[in-house]
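Every chain is named by a letter (A, B, C, D, E and F) in the order it is written, and numbering of its residues begins at 1.
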Amino acid sequence: MELALNRPSKRAPEEMRPVTLERGVSKHAEGSCLVKFGDTHVLCTASLEERVPPWLRGQNQGWVTAEYGMLPRATHDRMRREASAGKQSGRTQEIQRLIGRSLRAVVDLKALGERQISVDCDVIQADGGTRTASITGAWVALHDCLQWMKARDMVKDNVLVDHIAAISCGIYEGTPVADLDYLEDSAAETDANFVMTGQGGIVEIQGTAEGKPFSEDEFGQLMGLAKNSIAKLVELQKLSIL
Amino acid sequence: MELALNRPSKRAPEEMRPVTLERGVSKHAEGSCLVKFGDTHVLCTASLEERVPPWLRGQNQGWVTAEYGMLPRATHDRMRREASAGKQSGRTQEIQRLIGRSLRAVVDLKALGERQISVDCDVIQADGGTRTASITGAWVALHDCLQWMKARDMVKDNVLVDHIAAISCGIYEGTPVADLDYLEDSAAETDANFVMTGQGGIVEIQGTAEGKPFSEDEFGQLMGLAKNSIAKLVELQKLSIL
Amino acid sequence: MELALNRPSKRAPEEMRPVTLERGVSKHAEGSCLVKFGDTHVLCTASLEERVPPWLRGQNQGWVTAEYGMLPRATHDRMRREASAGKQSGRTQEIQRLIGRSLRAVVDLKALGERQISVDCDVIQADGGTRTASITGAWVALHDCLQWMKARDMVKDNVLVDHIAAISCGIYEGTPVADLDYLEDSAAETDANFVMTGQGGIVEIQGTAEGKPFSEDEFGQLMGLAKNSIAKLVELQKLSIL
Amino acid sequence: MELALNRPSKRAPEEMRPVTLERGVSKHAEGSCLVKFGDTHVLCTASLEERVPPWLRGQNQGWVTAEYGMLPRATHDRMRREASAGKQSGRTQEIQRLIGRSLRAVVDLKALGERQISVDCDVIQADGGTRTASITGAWVALHDCLQWMKARDMVKDNVLVDHIAAISCGIYEGTPVADLDYLEDSAAETDANFVMTGQGGIVEIQGTAEGKPFSEDEFGQLMGLAKNSIAKLVELQKLSIL
Amino acid sequence: MELALNRPSKRAPEEMRPVTLERGVSKHAEGSCLVKFGDTHVLCTASLEERVPPWLRGQNQGWVTAEYGMLPRATHDRMRREASAGKQSGRTQEIQRLIGRSLRAVVDLKALGERQISVDCDVIQADGGTRTASITGAWVALHDCLQWMKARDMVKDNVLVDHIAAISCGIYEGTPVADLDYLEDSAAETDANFVMTGQGGIVEIQGTAEGKPFSEDEFGQLMGLAKNSIAKLVELQKLSIL
Amino acid sequence: MELALNRPSKRAPEEMRPVTLERGVSKHAEGSCLVKFGDTHVLCTASLEERVPPWLRGQNQGWVTAEYGMLPRATHDRMRREASAGKQSGRTQEIQRLIGRSLRAVVDLKALGERQISVDCDVIQADGGTRTASITGAWVALHDCLQWMKARDMVKDNVLVDHIAAISCGIYEGTPVADLDYLEDSAAETDANFVMTGQGGIVEIQGTAEGKPFSEDEFGQLMGLAKNSIAKLVELQKLSIL
């Protein structure tokens, strides 16, 4: 596996960055988690709101939604603040839609009741993989929010039906590798994000050829890396909520 | 394959809707194509602009970008006009970013020179699969724009390096099927869009579980359907530009 | 009438471009019409909505409103998409207010009941006279929407009380001419839009001196051309709905 | 002319409201005029700017533009402040485009040189006819701005080539009347704005049937009233700048 | 007091500009006041609205709010119109929040009942101190609005519990001076705005060092000037409403 | 001082919350500081940009500006994300203007050279006093950014001419107290923010009566508390940069 030595991070192809999941980091939120994938740090908070979107009213079910943001200097060069620019970029909207869909895939919205949980994922520091770190940490925040509700007899145990976690993989200098950091992501020929459940079901796949197209076989290798990585992330989630 | 009789469209699982590609439909645009996938109709125009985005200036290369829109009554119920709402939805931005990336995957931006080609994909009538129809038709508009430029000695033959086309596949009542129309898309458990080149290379994959997660095996079947469908679309593109 | 030879279109002063009104062009809309004044093509759709604007609620009457848009490459040079710019131009708003007022002039809003019909006029291709073509085609779409409603016993025959159609006239190189195309419009000294009913009543007049002011007499000649042209357009509307 | 007794204002059909033009009301502006048509009061200021719009650069000519606004409580009921709403209404944009076009019709833009004059028309109090009062007062502000420039040898006498003034006329209870106030305007069957030069040339006509359509003959009568009224307004302009 | 000779306005340090308060200047508003502090002229109108902000509904109390605006050529150089720019500047929002808070400090919101009074302060001409003139004039407009309501038995005498007025003071060339005009404000080392009641209570203080920091002692001198100035303004308010 | 026992925080009137200043918390920023005033946590980053605002170009001086934001769930109830709302609130703009002015008061902009330092203050968790914590932490981030520049010979030691820090004081149940937390701030009759330099000079004062007006004497007591608190904060800044 000598090719792996070429990764800027010096990691082996299948090696993830150190991942930590720190719960209870917010004084106010019903659930919260500071997730770190190496130098990528995302603060996830889950907020319970006693309302649902207008189009869901009276349907005896709840909703889980997500918003995503980045502090202006989370990145190498300062980016313009979206609140100052007056709108969220296409990228931001794409990511927060992805996070929301991913979380809803493991929530029984009927069992939630007519309420909304809003999960905010704010990138404090970025080094690649912010969307996959967000999903992984958001699950923990969501879990703790539901525990908070259960302690108040608002819901039962059956709202969260599985784990959900995500990883980015890519083809870097011809080799499929897991958990791209920023430098690797910039140089990768192909970049693919995978979102999977604790039982290994696939919820989202987003694969993009940055340079030349990739083959079905290469894609299969990326999926193999993803499955292993996500299984590890789910283990970490389980440990974190013990 | 009796299960296929359940498709609202009565099509066999692997059967696409009738696809037509009509060139030269715009008096003004350098290239244009009205693409129809059944009742989904998209007008694609390619516009040559003698400028590049600010961040590309002076780098001896061009750019291809795309914008996507929908007429307010392209859909079953009238949607609010985005120009009136004052902003493009997250969905719109996600789609136009996808179209732009897909086209750039088969363009040699150096060979294009310091110019931009803007491809507008406007949905005149929608019945599912608007983004995949857009990509398929946009390639024809782009091709004709480059022919227009070649006729004026602005570029050589080497700008467009391959075909690009796209198809949506999904799992409908447990069966993998190709080219979902709106009714099928609404009811599908899984929806996946594939963008591939004429040579069969994969450029984009977007797979989403709408209901329960899907397995790697199911995903493989969807990819198989996609490869066949896109091969047919590429044939149609070739015929259309004869 | 040798002067007429100077029109770029080679038309006689009183000669209109070929006009066609194609009904039923939208699968979804309750009424639709693709109107062509020569190379100016506008897709008009009429959408029934079971609501009225807030300020009309509970007043036992309906409303007819219009929105106008242009595809970015409907014009000779690509224009910025208004949805992307984040707002509608003053010109767009002016035109859609005009279309709405014109249609309401021939609708009995009481007879419509508490409902709104929204007419969208989207310019697919522009070559001058888009607002007058829009009004002329919008009437057909509105008519068909009302027929659709009548077939469902929602309204009676008395909602649409007359025809409405519109034409632009102008003074081109000193000669009053009818139905300006883009080249003529750009060069005309005076440009005037007329909106009239089937019975010849005037609903809107907008006359503008682009260069030197015009006289009352010249204006009278323009009005004469307009009356004749609009009478022909009304005949075409009648034929189209046979 | 007994019918005239029915005008809420008790004015005769051809009778205008008292009109005053007060110059030099702004400490800062190069030209200014507070125009009053009865209870309609508009503050017009002309501001010289040593720049032209981007599309005019390097063409050896200047530009005259106008902006229009209304104080929130200029009207009977308080209206939302446009700056707070975040955009100008279609009506506002329509009016300021009209004012700008009207002023440019009497300005030799070449003689102005590469500069812009921005005329702001802000309605302090509204009682109908704000756009026509604005045009009439804006001419005075523009005149004084040009005098200010002439005193500094920036321009010669030939920039302003004629007067421009405007009046609204309408059909009120069947009778054509001049200079509608708010109550009359609300009740008029037809409302028409006329913009004419000092020599009687027509620059803009905007006629709208609010209720039933109007005839060519009725329109002729409105134009007759307008010509007389505007001639009087031009006399007042001449007196005001003595 | 020779140092005072250095003020551009030639005023003594404690000398205010001539202040006038003209009531009843708006035909439509329930209360209005044109306030002049020298060349700073602000039109204040108070508008009664039979509604309260959503968060106050059903709480048996009313609300007083304020909006602030500047005509584009109120200033030495023309400023961009905020309605055209599409948003209110930070400065505008800061000022209108200050005016609203100041007025509410002397209003018994319970006694007002479930209604809102909106006070608009529009700067017709600016020469420094627009926010303090606004507050001083707004009180008069508010007072007259409440008198209008009392005349209709909508409120009693106890809604307005005190006067409120404001002044800016500053340190100009080392000397504390009152009521800065624009030139003085631009050159002052320190600028402080004071809002006080008729009984001398302090409601708002905003002090800013433009150049070098100021000392507690200097600040005390500014406050002394402010108390005297505001006492005079309150006397003027009392005279104006006799 | 028994009254102090009533403070929700149980602190003595002059007692501040525990304050910490943690430097170097951002991998990317040239200077950064996580400042905590009790449960109020603000991440401050200073970003060097090799450009100045347009109106400063060519004037041989730099600029320091600040932006302020709050994570949506930094507060007790989730607030709407400003990027999603499409604009910054008046409060946000007011605060970021205050931070910018405060920092510039201790920077020699000439010595900085033609560059801009943007300081972002993002509230991770809010419990009152976010603007004063922001200013106090921003100074540290700014200091470190200048050290970073000095290490690269971009500036000398003379850019930062003094410390700057800030504290909020208020009158709580009749007693002047320092460093209000959220509960105290909500209940305080008067709230005043003070910004002072290391040498004790006053840079900004913002005092507001929330309920009844305050007296000059009370204000004097608040200033006394502020001077002591800020002196302590400056000591902490000195220790933090050792």
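To be clear about the criterion, contacts are C-beta pairs under 8 Å (C-beta built on N, C-alpha and C of every residue); 3 or more make two chains touch, one makes a residue touch a chain.
A quick note: this is a predicted structure, and the numbers were derived from the prediction, not measured.
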Number of steps on the shortest touching-chain route linking chain B and chain E: 3
Steps in the shortest chain-to-chain touch route ending at chain F and beginning at chain B: 2
Between chain C and its twin chain F, rotation from the CA superposition, multiple of 5 degrees: 180
Centre distance in Å when chain A and chain E are each reduced to the mean of their C-alpha atoms: 51
Gap in Å, rounded to a whole number, between the CA centres of chain D and chain C: 28
Chain A residues counted as touching two or more neighbouring chains: 86-88
Arrangement of touching chains [line / ring / star / complete / other]: ring
Successive chains around the closed ring, taking chain C as origin and chain D next: C, D, E, F, A, B
Chain B residues within the chain A interface of the complex: 87-91, 93-94, 96-97, 101, 105, 192, 196-197, 199-209, 212-216, 219, 223, 227
Residues on chain A engaged by chain F in the complex (per definition of touch): 26-29, 32, 39, 43, 45, 47, 49, 67, 69, 71-76, 78, 81-88, 92, 118, 120, 122, 124-125, 127
